[in-house]
Amino acid sequence: MSDRVKMTVSNGIADVRLNRPDKRNALDPDMFLALVSTGEALKCRDDVRVVVLSGEGSSFCAGLDLASMGALAGDSGSPSASDAPSIMGTGGRVTHLAQQSAWVWQEVPMPVIAALHGHALGGGIQIAMGADIRIAHPATKFSVRETFWGLIPDMTGTLTITRHVRPDVAKELVFTARIFEGAEAHALGLVTSLSDDPLASAMALARDICAVSPDAVRGAKELINSRVNEDAAQQFADEQTVIQSLIGQHNQIESVAAYFEKREPRFSDASIKRS
Amino acid sequence: MSDRVKMTVSNGIADVRLNRPDKRNALDPDMFLALVSTGEALKCRDDVRVVVLSGEGSSFCAGLDLASMGALAGDSGSPSASDAPSIMGTGGRVTHLAQQSAWVWQEVPMPVIAALHGHALGGGIQIAMGADIRIAHPATKFSVRETFWGLIPDMTGTLTITRHVRPDVAKELVFTARIFEGAEAHALGLVTSLSDDPLASAMALARDICAVSPDAVRGAKELINSRVNEDAAQQFADEQTVIQSLIGQHNQIESVAAYFEKREPRFSDASIKRS
Amino acid sequence: MSDRVKMTVSNGIADVRLNRPDKRNALDPDMFLALVSTGEALKCRDDVRVVVLSGEGSSFCAGLDLASMGALAGDSGSPSASDAPSIMGTGGRVTHLAQQSAWVWQEVPMPVIAALHGHALGGGIQIAMGADIRIAHPATKFSVRETFWGLIPDMTGTLTITRHVRPDVAKELVFTARIFEGAEAHALGLVTSLSDDPLASAMALARDICAVSPDAVRGAKELINSRVNEDAAQQFADEQTVIQSLIGQHNQIESVAAYFEKREPRFSDASIKRS
C-alpha cells in the first residue's frame, strides 16, 4: 500500500491525514485508493469512536493533481495521459473510486470531523463535504472548481453541496467556480465552525463525542443519514452520465488548454444533449 | 405575440424583462403567455449562456392583476370575470400555464438570475423563486400574498419556498401573508444577495458565468436540480387540488370582498375537506 | 382523563399547556397520552384557527421523567421499571404513542405555534420541533439529550431536526448532547424567533394568522407539509428499529448507571449491528 494517507488511533480517535504535503495533498490515483481503503478499513473498527480527517503540510487538499490535466487538454503525449480516465472517472468502476473517496466518510459508522486549512479546492472540497462535521481555519481557500476545467463536481459534490447550502447558493458557487475563504464558507453553511487551530478543535470535539455511548452515536448517524442521503445512488449515476458527456468535448478541452496557454478560453455554443 | 415580455440577447446573455410598467408588471393572461413562450423559446437557444430576468419600470412584479379580482369576489358582472378561471387556474391546462410561468426558468438549460426591485408580491415572488439566483434591492417589498385573498401560492410556490427557507419560516410567511423587505428576505434565504443596482449586479454575475464552459454550467444546473426538484410534478398536482377546493368557497370570496369593501373579513369556520 | 394537559379555546385560538409544573412538565405515560389525545381532538375542531402550545410553570418541558430512568439503568426493582417499556417505546404501539406526542402537531390541520421558555430538553425539544413555528425566550435551555442516556432521539426528532438545521449541525448537536441556549438555537435555525415573552408573542402571531382565511391557511399547511414530511413513516419505523437495538444493551445501561452513580461511564467498543 502507498503512504498517501496516514492513520493513527489513540483513545478511540482515528487521526487520518492526507499525506502528500509537497503537492498540497493533490489527488492522484494513489491518493484516491488510499482514501478509499482507509475508509473501508474503518468500517470494521468497532474500537474507533470518532475519525478526524485532515491534511499534512500547508493545505487540506488542493484538488486534482494538475499533472493529470494534460490529458484533459487533449495532450495525448502527456506522461499522465494514461492516468486521466482513472482520475476523472470515465471508466465506470474508477468513477466509483473517485466518488467513493468522498462518500466513504458518510458510510463509515462513526462520526467523521474534517479539520480544514490552507486549501480545499475541487476534489478537496468534495471530500470535506463528505465528512459529517467541518471545522475550518478562517483563511482556508475553498472553491467548487470543476466548471473552470469544463467539468462538473462529479465526486458526489452535486449531492452533498445541496445538503449544506440552498440551491441558489450552490449554483452561484458551482457556476462561477470562484474562490472564497473560510469565513464566507461558514456564513454560507459549508463549514460547521471556524477555529484558528482546526485540528485541535476537531480533536476536542472528538473527545466530547467520546463522552457518550458509541452505540448511540452510531445509531444517530445512521438515522440522520437516512434522511439526508436518500436516493444518493441515483444522483451518483447522474454525475457519471454528465461527466462522461463533458470530458473530451470541445468546451472541456478548451477550458484546460486556455489555462495552460495563459489565455482566455474561446467557447463554442453549448452543444451537449443528454435527454 | 404580445409585447408583455421583451428579450434582447447580447454576448450570450439574454436580457428578459417583464414589460408592463404602467401596471407594475402585474400578471394577466397575456403576461403568463408571454413569460411561458419566452422561456420555451430559450430552451432551444444554444447560444444563450445566461438569462437575466427583471422588470421594466418601478417594480419587478406586483402580482396578479387586481382587475382580475372581481370574479374572485363573486362579482360575476365584473368585466374580468371571464378571465378569472384562466388567471387563477381552475381549468387544468391553464393552471399549468400559471405554474409554468414560474417553473420554466428551472427547465431552461442555462442559469437564470432574477434582478428584483420595487415589488415582488404574490405571483411575482413565485416567479422570482423559480429563477436559479436572486439579486434584490434592499428596499424591494416581498410577500407571499395569496392567503390574504383566501388562496394559496399555487404557482409552484409551495415547492420553491421550501427549497429556500426552513418550513417554519415558510409557514410564518405564508400563514400571515405579511410584507417584508429585501434585507429580511436576504437574511431569511429568499434572496441570494443584495445590491443597490440589482440589474447591473446580475449582468456582472452573468458575465462571470460566461467565463467558464457553457456545457459544464448546463450540466451543473441539471445535476443540482435533480436533487432539489424531486417529485415536483406531484407537488404541482397537489397545488391544483388545493386551489380548486378554495376558489369560490365562502372564505375565499369573503377575503376578496372585504378588501374591496374596505372592511374586516367575517370568516366562517374552516369547512373544506380534502382527504 | 388526566389533567396533564390543559386546553382553553378563545376567539379561535386554542391555548394548550403542558400542565405538570412541579416536574417541569416532564414526560410520563400520562403526559404522552394527554398530549396525543389533545392533538387528536383538535383534528375535528373546525372552529380552532391556531394552536399555541406552551408549558405551565418554569419550563416548557424538561424531557423524560427521570423517575422512569431506573429501569433504563437495569434496576428492575425500581418502582417505575414497569413503565419503562411504555415510556421509551420498546413495545411497538407504545413507541408510536411517544412519537405521536410530537408528531400530532404536524397532523392537526391548523398552525401550531410553540412558545418555549425554561427548558426544552430531550423529548421536550422533539415536541417543540413538531410544532409549525417556535418562539423562544433567549435563555431557554435546549438539548437533544438522548445520546447522553445511551439512546437516540426516537420521538420523530431524527426527522424533524434535519428539516430545521443542516446535517452537520444536527449531528454535532445529537452526537454531543450538549446544552445550548435560545439565542444559539435561533442562530442555528431551531427557533423561528426570540421573545422576552414567548407566550404573548405566540398569541400575537396567532391573531395575525386569524386575519386571513382559515381554509387558505389549512391548505397552505397541507401543501408545505407534503414537501417537508415526505417518507416520514419510514423514518419513524427506522427510529423504532434503532432504539430497540440500543435499550438494555451494555453501553445504554452504563450511560444511565454512571449518571446515577455520579461517575464517568466506562463504555465498551461499539457492538450493535443492524444491517
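We call the chains A, B and C, going by the order they appear; numbering starts again at 1 in every chain.
Convention: contacts are C-beta pairs under 8 Å (C-beta built on N, C-alpha and C of every residue); 3 or more make two chains touch, one makes a residue touch a chain.
Bear in mind that the values here come from a model prediction, so they are computed numbers and not experimental data.
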Copy pair subunit B, subunit C: interface residue numbering same or different (half cut): different
Superposition rotation for subunit A onto subunit C, Cα-based, multiple of 5°: 120
Chain centre separation in whole Å, for subunit C relative to subunit B (CA means): 36
Touching two or more other chains - residue numbers and ranges from subunit B: none
Contact set on subunit A toward subunit C in their complex: 46-47, 49, 109-111, 132-134, 163-164, 189, 192, 205, 208-209, 211-228, 230
Contact set on subunit C toward subunit A in their complex: 146-153, 158-159, 161-162, 166-172, 174-178, 231, 235, 238-239, 242-243, 245-246, 249, 251-252, 254-255, 265, 267, 269-272, 274
